[in-house]
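Labels run A, B and C following the written order; every chain starts at residue 1.
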Amino acid sequence: MSSDVTNLYAEVQQFYAMQMQRLDRVDAEGYAATFTEDAEFIHSPGQPGSHGRDGITGDVYKVAEQFETDPQQRRHWFNMVNLEPSDDGRITATIYCLVVKNRAGQKPEFVSCVVHDILARVDGELLTQYRRVEYDPRDV
Amino acid sequence: MSSDVTNLYAEVQQFYAMQMQRLDRVDAEGYAATFTEDAEFIHSPGQPGSHGRDGITGDVYKVAEQFETDPQQRRHWFNMVNLEPSDDGRITATIYCLVVKNRAGQKPEFVSCVVHDILARVDGELLTQYRRVEYDPRDV
Amino acid sequence: MSSDVTNLYAEVQQFYAMQMQRLDRVDAEGYAATFTEDAEFIHSPGQPGSHGRDGITGDVYKVAEQFETDPQQRRHWFNMVNLEPSDDGRITATIYCLVVKNRAGQKPEFVSCVVHDILARVDGELLTQYRRVEYDPRDV
């Protein structure tokens, strides 16, 4: 493997660690800033996605509202990062995600999903341009 | 650390992400192709292992048969990848693995194990030459 | 990202895999050797920390004593490694940690926490100089 590709791999891992730690501390603006201005975010298959940083910021606050009646610390684990660089410089990433929901007095609750990202570089900075979340079968 | 070693680290992580995503979508031939032609795969201590790509392909289909009566989406999480390159160019890898079994109407089920791999490079391509799975104590 | 930074990222991941695999096989001295001589380790907020390699070795043996009456194989999963190199050469690392406790006849038990590390390089070798563990809300 070329060192360009392996450097990219570490950069993407560092990017996801930073991005999802922002989400988990409900830094909505900081999280939205890791997406491109024209980003599309499809949370659930078959439902309309969110668009742009304002849309993503709004989504974070909407989820955080639930925490007022159901207090919890979420941790988003991204792993098994599978990258396919494309010729136009963008990167297709297929990532396993475990959402760990931690509540006082309870065992952690887990949700397993797969995240489909397209990453783009804007002024040298890696950003998510497209994200689609696909949930594994679960108890809902 | 030399950049050779750190490049290898990213390459191995990318390899495992690709390899195990193939397994989890029951791409048996694609999964088997990530092993060397002479690979040995020991699933359970004390039991005979599988040999070669045909043996590994057969194992994947055998496991997938269970999914007909017990539908589930498995996700193999590899993490805590500990690499020890050896002088002959092969790499010993000790990896923590969580198997996440996702079924409709149920919470995820977890199995914790340690994967002992020997990776070899064939015509420049990284492949698994030997795999031994060691299960942690569990409810069976 | 510069290749120095991405090389560091892989080096830190390899370091954590090696460090925590030593802990999980109760290699107390080997684990303590991954900390600096003057290391501080704060296990629980508001409680006094451990100091130096002897202090850390003692902690490992103290935890292992519990395993005599409650046999288990622990696996420490570090992930979502977020690194911030500082000007003095030290590295601030914020890491998600899942402790997986595996017991015969039982499902795995999980504890979610965040590890705050300061890593330093001593004679070229990466070591943990400071560690503080912050637990997520849980059933205790």
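The rule we apply is simple: a contact is a pair of C-beta atoms (placed from the backbone, for glycine too) under 8 Å apart; a residue touches a chain by one contact, two chains touch by 3 or more.
Predicted, not measured: the structure shown is a model, and the values here were computed from it.
**Student:** Could you classify the chain A-chain C contact as same or different, where same means more than half of all interface residue numbers appear on both copies?
**Tutor:** Looking at both copies, the contact residues mostly diverge.
**Student:** Overlay chain B and chain C by their C-alpha atoms and let me know the rotation angle in degrees, rounded to the nearest 5.
**Tutor:** 120
**Student:** What is the distance, in whole Å, between the centres of chain A and chain C, each centre taken as the mean of its C-alpha atoms?
**Tutor:** Chain A and chain C have C-alpha centres separated by 25 Å.
**Student:** When you check chain A against every other chain, which residues touch at least two of them?
**Tutor:** 3, 6-7, 9-10, 13, 79
**Student:** Spell out the residues on chain B that touch chain C in their complex, using ranges where they run on.
**Tutor:** So the residues of chain B touching chain C come out as 1, 3, 5-7, 9-10, 13, 79-83, 94, 96, 98, 109-112, 136-139.
**Student:** Which residues of chain A touch chain C in their complex?
**Tutor:** Those in contact with chain C are residues 3, 6-11, 13-14, 16-18, 20-21, 71-73, 75-79, 100, 102-108.
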